[in-house]
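Right, one structure below, let's go through it.
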Amino acid sequence: MASVQKQELTLFSDHSVLAESLFEKDVHQIILITHKLGTSPIWLVNALVETLVFGAPLTLNESHSGAVNRARTRTTSQDTNRIRKAVTIASWIHNDEFYHSAFGKLKIDPSNYSINDYLTDFVLKNHGKPASKVLKSIVQELLSAQSQTGLLVLEQPELLMHLLNISSDELHLDFINPLARAVPLLVVVSYTESYDNPGTEAAEQVPRDTVEQIRFHTGCFFKSIAVLGIKPLATGRAKDITGILTICRGGATTSHLPVDVVENEYLFHTQKDTTKLFYR
Amino acid sequence: MSFRKRGEVLRTPDARRFPINSTASQRLPGNSNVSQLAGRMGNVSIQDVSNVRTATANAKASQLDARHPGVRPSPATSQPSTATGCQDLDKVLGHMGLPLGQSLLVEEQSATDFSSVLVKTFAAQGIIHNRTEGSNSVGKGNTHLVVLTINPFFAKELPGVYQGSKKDVKRSKVSNAESEVTVQNMLGSGTTVGKPIPAPAKDLKIAWRYGLNDGDQNKTLAKSSDTDLATYPNYSHTFDITSRLVPAPTSAELTLISPIQPLPAILAQLQAVFRKHQNKLVRILLPNLLHPVAYPPKYSKLSELVPFLHGIRSVVKQNADRAVLLASISSDLHSHSVLTMIEYLFDSAINLEPFPQEMAQYLERVYKSQPNKIQHGLLHVLKLPLLSERGEMHVQRSDYAFKNGKKKFEIEPWGIPVDDSEVQDSKNTAETPEVHSHQTNVNLDF
Amino acid sequence: MASTSHNPAILLRRVLSLRENSPFVLVIDSIGRSGQCALEEVAHEAEGSTTIIYVSFETLQKPRYATHFVDGCKSSSRLLTTIQSFLPSPEQSKLSAGSKYLVVIDSINSISSGSLVQFVTQLASPSVTLLAVFHKDVPEYRSVELENYPSSLYLLKFMASSIMEVRPFTIDSAAEQDLDSGLQKLDIPTGLNDSVYKLVLTNRRKSGRALTYAFKCDAETHSFTPIQNIDSTVDPEDSEAFEGLTTFNLGTSNKQKVAKEQVALPFLEAQTFNTGGAIVYEFEKDDDYDEEDPYEDPF
């Protein structure tokens, strides 16, 4: 694979990963990241966070050593001419330590992000409390954390359905919607390994838990302007390829934006802490 | 001394750490429990004070002793890892063990119970680590085991360390009997209990008791390149599943928590264990998760199950520098979506698929002359600790086969062996063993 | 009949511009093609004077064409009162005949099938058109008491006066099946939700008789091209296909066909393993295996 041309990640028609126009006033959108068994979305989240902080996904789009150098020069120049937007991460599966070490490796200054750890003690704190109250307090926590939040990443929010015993509709209406309407860009990271949608016309009765999971994921799809799907190769394990990244349009319209989502399919290879993209 | 049986072994504590005089009196069988308890209480209180100080001084520093016998750096990520009790599983996990702060799920298809072997050796390995520093460290120790089970006899069912083949055992018995500090021997040699015992003899004995049996030593000699055993002598042991760990672990070494209490109670008890056993490695076991006999039907609901596992995961991650978790589950009983959710809440997962009847019969036929070669099933890797989390693809289906023996749970690369009876050629019979060694590496899903 | 000679494209435009007397227009969409495009077409065709009340369960910001933007909520009765506060009362509507009201619901899936009928009948009226999107891919859990009650999709289809089903534009049915099996696992391929899509319009006349037309639509040019149904799929074994080609007899008799089907193809064993690319190899006595030679390994 060494001879194969490395590719750069772009999501929007202006050749950017996150177009500037996404962060204009009163514009809100959702991007959905789906992943399956055998892949992890952490590198993609890293790339989006880097894009917001440095202006480009430096470690993904360039070789590592060069990237760090450029990151330094860029951050110093950016402090003057660009309003820094902060990143908020909320995770129900990883604790803050996980993200601190991941972002530390990317040389992202802790002042650029805040992490809301909803793994540690979440059950102890909230077990048995009314779900609507818990949801409301999380929304408040997330929105008060950074008034300047440009990007809010929710990792595995679907766990809330089971942690609080609520339906997908409640989660969407009382949690995803108010958050999405408060920040310019909301990224929902979701594990879709068990997603198997028989459709509404299927005669078989699907268990309630499964129905709610499918409803949640499908609901996220219809709200998103773009879906970044990662999955392993259909043929299984390969030495030089980890999986496929598919960038496609979501169910939400982009007619209010000056840019379009550029659909694309990449092969990617993750090894140690670096990921490389190749065209399919 | 009148109450002591003549042949009884006196435990010899490690003289390097403890002066023999003070401990010898603790070890008198008659009052050992009392003194042991008192000693333990004393140790705990002293430890607590010192620990608060270190915790405030440097909250990030690992609470574990760097010389913990059951911890070594992972060759892949240099993260500290601990032995699972099955060397082959340690290798499959990619870290020569399970990295601290990580959890492993062992799924098993069909109604067999191979996973219980992994569970029990995982438990026994923790106890052995705890006893490595000498038997009087039982109370103090370096490792604590937490088992979330409703089985009150779990502690009594753990396997003991493999003592070598029958011949080895006989030989060792003889040499042990000679060197052991029995009343008889002592009287014979004219020493009294209070006097120090020469160090070499003691070392040998401890080596015998705690797994440095010659099986392992021979292996080290055979593979001079394998320096692991030399660097980490007490890291991993071999267990004989037909034997029992003697003495059975007590409540000082093992805590049983019922998994079917209200969730806050389980988590509170779990956290209490971490508080009580500061500076110890805590190995948490969750055997037979969702087993219908133990778990009431409501646990099949994700709204019951997810908080349960999420809470446990939270405790493990909070104590990431000194906690590991192993769970086993029978995967046939649960729907794909429930199982996927459970897998997702673990850092690593493997799936055991015992061979169906036809395949088992085929293997029996092929390995007629070498019954110890018969594998019992396939081992699928779904996720590996740390490596999968950072994005590497580690789903390996049908790459490995496992076989369970008296001495070992072995995992090896899987290939379908060639059937001799089908290759009906008398001339080639001499060559067939060679064919076996070239097992084809074909991946097949049955 | 007059209706059959109707130009389908004109009918579609009448439905989109709300001129066709159709109080409840249902848009059925799927992950492959979201119904947003149909909503935008209606907004594009509708007269400027139309008051559009947009009820959002999924949309994050008020669309440009919407007059009022209403947040969806769980309770359908509360939602109903909120919407009705923007609509004229029955007396008012008599007075101000001619002013049109359009209620858009971006996802009617969120309203449970138990309260669906009441919700629709209370909103749809001659002066108020209800335009609702239903996602075909969103399953619903049916409680025990609604076990025998029709599913939401059937209820909506039954009540709707016009149904627009939007689909991705695919070349043939095989491609469509491929797509569906991927989407079932949420493996979303590229090329979906494109500006070009397929729209199947089912229009119900007063009698309840339905007429169905398919269109190829382009969201950018707002053009609709009716698709002619070509159902003459040619059977490759059909002997008529060979007629006139040669003087040889290329057809197969029934007896030959049966014989052909019974032929066991080699390597059937390989096909029985469900992983697909398995290699089945058996060592035979004539095989000369040289372990030194790396090219000797058949794998």
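A, B and C are the chain letters, set down in written order, and residue numbers restart from 1 in every chain.
Keep this in mind: a residue touches a chain if its C-beta (ideal position, glycine included) is under 8 Å from a C-beta of that chain, and two chains touch if they have at least 3 such contacts.
Chain-to-protein mapping (UniProt): A = LALA0S10e00408g1_1; B = Elongator complex protein 4; C = Elongator complex protein 5.
Predicted model, so just to flag it, every value in this text is computed and none were measured.
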Centrality ranking, top chain (CA atoms only): A
Most widely separated chain from subunit C (Elongator complex protein 5), with each centre as the mean of CA atoms: B
Distance between the centres, which are taken as Cα means, of subunit C (Elongator complex protein 5) and subunit B (Elongator complex protein 4), whole angstrom: 55
CA centroid of subunit A (LALA0S10e00408g1_1) to CA centroid of subunit C (Elongator complex protein 5), Å: 28
Separation of subunit A (LALA0S10e00408g1_1) from subunit B (Elongator complex protein 4), taking each centre as the mean of its C-alpha atoms, in whole Å: 38
Shared-contact residues (touching 2 or more other chains) in subunit C (Elongator complex protein 5): none
Junction residues of subunit B (Elongator complex protein 4), two or more chains touched: 397, 443
Multi-chain contact residues (two or more partners), subunit A (LALA0S10e00408g1_1): 196
Subunit A (LALA0S10e00408g1_1) to subunit C (Elongator complex protein 5) touching residues, read off their complex: 26-30, 34, 169-170, 172-173, 177, 180-181, 192, 195-202, 205-206, 208, 211-212, 214-215, 217-219, 221-223, 227, 229, 231, 235, 246-253, 255-256, 263-265
Contacting residues of subunit C (Elongator complex protein 5) [partner subunit A (LALA0S10e00408g1_1), same complex]: 29, 31, 34, 36-37, 40, 57-61, 63-64, 71-74, 107, 109-110, 135-142, 151-153, 183-194, 277
Complex contacts: residues of subunit B (Elongator complex protein 4) adjacent to subunit A (LALA0S10e00408g1_1): 263-264, 267-268, 301-303, 305-307, 310-311, 313-314, 317-318, 320, 335-338, 340-341, 343-345, 382-383, 388-397, 443
For the subunit A (LALA0S10e00408g1_1) and subunit B (Elongator complex protein 4) complex, residues of the former touching the latter: 37-43, 92-95, 97, 119-124, 127-128, 159, 161-163, 165, 191, 193-194, 196, 207, 209-210, 213, 232-233, 236-238, 242-243, 270-273, 275
